[in-house]
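The chains carry the letters A, B, C, D and E, assigned in the order they are written, with residues numbered from 1 in each.
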């Protein structure tokens, strides 16, 4: 997630020089072709009415606007889901820590509580890894060996961890450490985690209809060429500059929308899963009164946070 | 659902050549008519002010934008519903598996659990078939003969399967295998499945107001003809190319929106019901610890998944 | 609700010929007035810059787009409410049928269940009639005489039926036929029906701000006249055709939006309350195992369903 | 709330003549200034390119569209909140009436029920008055003297009434007139009323960012002047009419949006709080079987209802 | 939050003079450059087709509209969250005050109630400070020394206060001062506070994608220069005024949207956290029947409230 309110010119240039170059080539080619066709004196006129780029421009503005809206909605929905995960994690930790009562010895129940809360941190780490497609297996730090061996047998690791949580919950309910009302509240939290996991997977796995993206780019290039051509008559070689400049506005607007389409990828514009995961970890460890608390995730280059 | 980020030129051409051809014919006809009327020397002028296509173009952009927005919303809502179905299926399976307690023998309750989870897989298959309009009856694999004979008597098969689930739930509650709190949570899941079924049916059965679709197409053709005519004066025969190109942008934008209107149809742009159904099946079978797990649904042509 | 994907040209003509005719008259009048004023030679110029209709056209496109969006939202919300009514009706029926336990004889409780489910069908019929403003009193078929005489004394019949349901629910709870948890679930359904009833009434009774509708039409006519005038200079009498054509696009777009504003009226574009009511009836009767099941509502003219 | 589908020309004129007059003066002044500057022969040219109003017009259309959208959303949200209040009031009344069981004598509990339902009507009246800012104190009719003296001591009267309801609910729970499950359902209703009260207050107290409103009006006047000026060259004095007409479209669109911004004010376009309050009153009194039922709120001038 | 419906001209000038000045300089520079390049007689023509600013203007209107929409949505969502906090605070206070029953002496339980409600006021103050980034530590007034020393040890103070509330709730449940149903309702409130805290943090910490803001400003300046240039030919030095005026509309629209992006900052356009916090405080203290009630937050300059 971008965090700096200042924009790094270098990273902007490194991100846009490629399509900028293609644009220059396209406008030069369009201009050259125009002059060549004109020199043939075969056709009456090669002037393109300036209406054409105007109409195309309006249509494109709508189209790009539509894409940007949907992309932003995906991004913001992803952020909301992980925000809800933070809230539910805190509530879950609080409920496990304060509402569970050991019927044997306080010591034993304390261990059980820590295990459930640790396991939840492992769930968040596992979910992050499955969304990011990484395999650092950091979740193992919060599971005992027996547990992580078991969950890695299933294809969906975070889901397998939730199974363990449900099993534990049932065990505590059975033992009478929690009553039916507390069972209800804690089970609601596990259902919530399952929902947030599934919603994240939905956004990750549902490709935004590729045709939108493809045609938008096709239409932008048609537009860039047509605006260059329509400007030749009247502005001469300046039309190349006009094509580049106006095209740049449309292309860039399109690109920054597209950068939000896959909010869970490990890119600067993505949701800062590392940061959120760490924040949950810190909140829960602080509540447990642990002494070794990891530091918050750091900002990279003063620009973004992963 | 389209999954490839690359766009297959062949499938694009095969999908658009028809309206492309009609467009060429329309623009040629418009041009010919213009020249013919002009040659009659009956009217003062046949020049169409270039304002007309500009105004029509703006109005059309709004109209197509509106249609695209609604179509995308239907598609995304459909995806959300099936995403919720995935989440609820996992939670339901987890709750049945971990929260049900046999009062007689562990063996007997194990069988009961498997039956309820199998039946849920059958529910998802039956719902998929009713939305897709297919009759492969794959749901029978997860029902005993007596059950599928019973449910096929009713007009709404997935609904009939939910009836069986409620009956079983009541039986377990009555026997004391679950208590009131667990009954509450499990019943909530069945209500949820009923909601997701009904919401899917709503999207499938509610035709997007046909007049929108019809008039949009009528207006696009009016627009294509008017842009061709308005360009003849000044650009000559090139106006045909202009009409085709600009018309292509509007027609295609309209078409890709319309492809999202019926998200449950078995078309490449539809929601991948086969894939989601299979994913639920795998998740639940893995939890049951079954040895024979079917493979995930495969991508067709490296392009889309059903 | 329109169901055919083909559009009936006849019904379109019969629905639009009136405003089409007014349009022709308006454009003719505008043209005539222009020529008359011109012939007076009083004013320097009567040419209207073509900018005026362009600006008005853009503003109008926004305005009509806004109206269409709100109209479609009302329509879709209405559809969602009745979709939720279907889902809740199925869940309610299922819960009454499977979760209620007679403490005396199975026979007596069976009758009680049937009565509650029949009464729910009556509720849906009564709600439909109150939304449509009809008085066929079909709901009486599912109530005993004593009941329909009682509910018809109140000003809001469906609400009075819900009172009876609550009374019955309390009676069963009191007798111990359902326990607290089941009471909770069933009461939630009755609250849900009350919400869906109230939400339907809200849409029906809240007139879309009339000023929007009025001014949109005023502005469309100003626009039609101005586009005709601005086209006279340059296109002569053809301007009449231009005015009619462009005006037709705007007027029709406005009209089809307005047709969605009152989704509960018995018009082809309205929500198909008859069909949904019948579907609920069929679902519930099938569950009860009745032998006489009415057929689904039929499509009228192959075009729409009420 | 406007209820008539016909628009009263008189009320429209009385509502718009003021800004219409200002517009005429503005356009006349703009024209005069233009001619005066022109007559000085100091500047080469005072012609304003017709592009300027076109660009401003598009930008303004967006801006006004944005304002209208937000205004309509506030209005519709307000309507939804009061719709939810109607639904919850009916459910609350129903639950109090049918689910409460007296352990002493039927007579005593009947009185308690009536008191709670009367007090709820008082709540709705008090909320209406606090939103409308009136002080007719109609809520006193449904409270005993002791009660209204107590609640008027607090700054937020409807909130104080809810306190009384909670106190009563606790008393009945304590006495065993309701059990835990019913307590849960009834408490949920009181929480719901508190939410609906707070949401209404939020809309009433949150001023729509004043800068939007201010700048929109500034830009509209800049636009009106610029369109008049740009039309002088080519149309002469007719430009005044053009400025007035086009400006009228933009100004009026803006004004009707702004009329929806404060939905709880006692203006014709506001939400009909009087009508809704009375409808709740009638529904609840009918359920109680009272003989003296007040008539529904009447339409004023056949135009709107308060 | 701005509260005055009148706009203070002085505060507008002080807020916009800076970008107004830059605009003047930019337009002057653009004009000078144009004339200089023209005087070189190197290029055929330096006339920029008036189409360029038209196309750019439409695209910009979309872009600024998109930014404004998202900014307003963030602002309104923030307002809704704090509205929900008000509602939940009232309900929480009411439930603690009326539903908790002391099993020992009325005096002791009264003190416990006051402590929980005071602590909730402390929670709201602590949340406000963490969102505003202030450190006045006003929350200490409502906590005993032992408590505020404990909570200040954790990195997230409001979250630590919620831990105390959960601990107390468990204690009261354990002692039997509340039963399971009341526990359920009160725990739901604590979960709600945790959600509202997390949602506020999400809005505060999620920077709106900086690229949108950056490019919008870049494109506005490109637009201002291009409109100035395109107007030189035809309007001469007047083009500077045109550039300034049209640019002003776009720049200002952009700026007022951006002022809503960070709704929790202590700026006039932000959400009035001070006012809302105080309102919650007053509501709860009044319910407790306290004699010393602080006055409502005051309006600053008759313009805004913090």
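Worth pointing out:
Everything that follows uses one rule, which is that a contact is a pair of C-beta atoms (placed from the backbone, for glycine too) under 8 Å apart; a residue touches a chain by one contact, two chains touch by 3 or more.
What you see is a predicted model, and the numbers here were worked out from it, not measured in a lab.
In summary, the pair chain D and chain E forms a contact in which the copies contribute largely different residue numbers, shared numbers making up under half of all those used. Taking each chain's centre as the mean of its C-alpha atoms, chain C lies 24 Å from chain D.
Once the centre of each chain is set as its mean CA position, chain A and chain C turn out to be 38 Å apart. Contact with two or more other chains is made by residues 54, 58, 61-62, 65, 180-181, 184 of chain D. The touch graph of the protein chains shown is a ring with every node of degree two.
From chain A, with chain B next, the chains follow one another around the ring as A, B, C, D, E. Across the complex, chain A is touched by residues 43-49, 51-52, 54-56, 58-59, 61-63, 65-66, 70, 154-156, 159, 162-163, 166-167, 169-170, 174, 180-181, 183-184, 187, 190-191, 194-195, 197-199, 201-202, 206-207, 209-215, 219, 222, 226 of chain E. Chain A contributes residues 1-7, 12, 50, 53-54, 57-58, 60-62, 64-65, 68-69, 72, 75, 79-80, 83-84, 86-87, 90-91, 94-95, 97-99, 101, 179-182, 184-185, 227, 230-231, 234-238, 242, 245-246, 249-250, 252-253, 256, 259-260, 269, 282-283, 286-287 to its touches with chain E in the complex.
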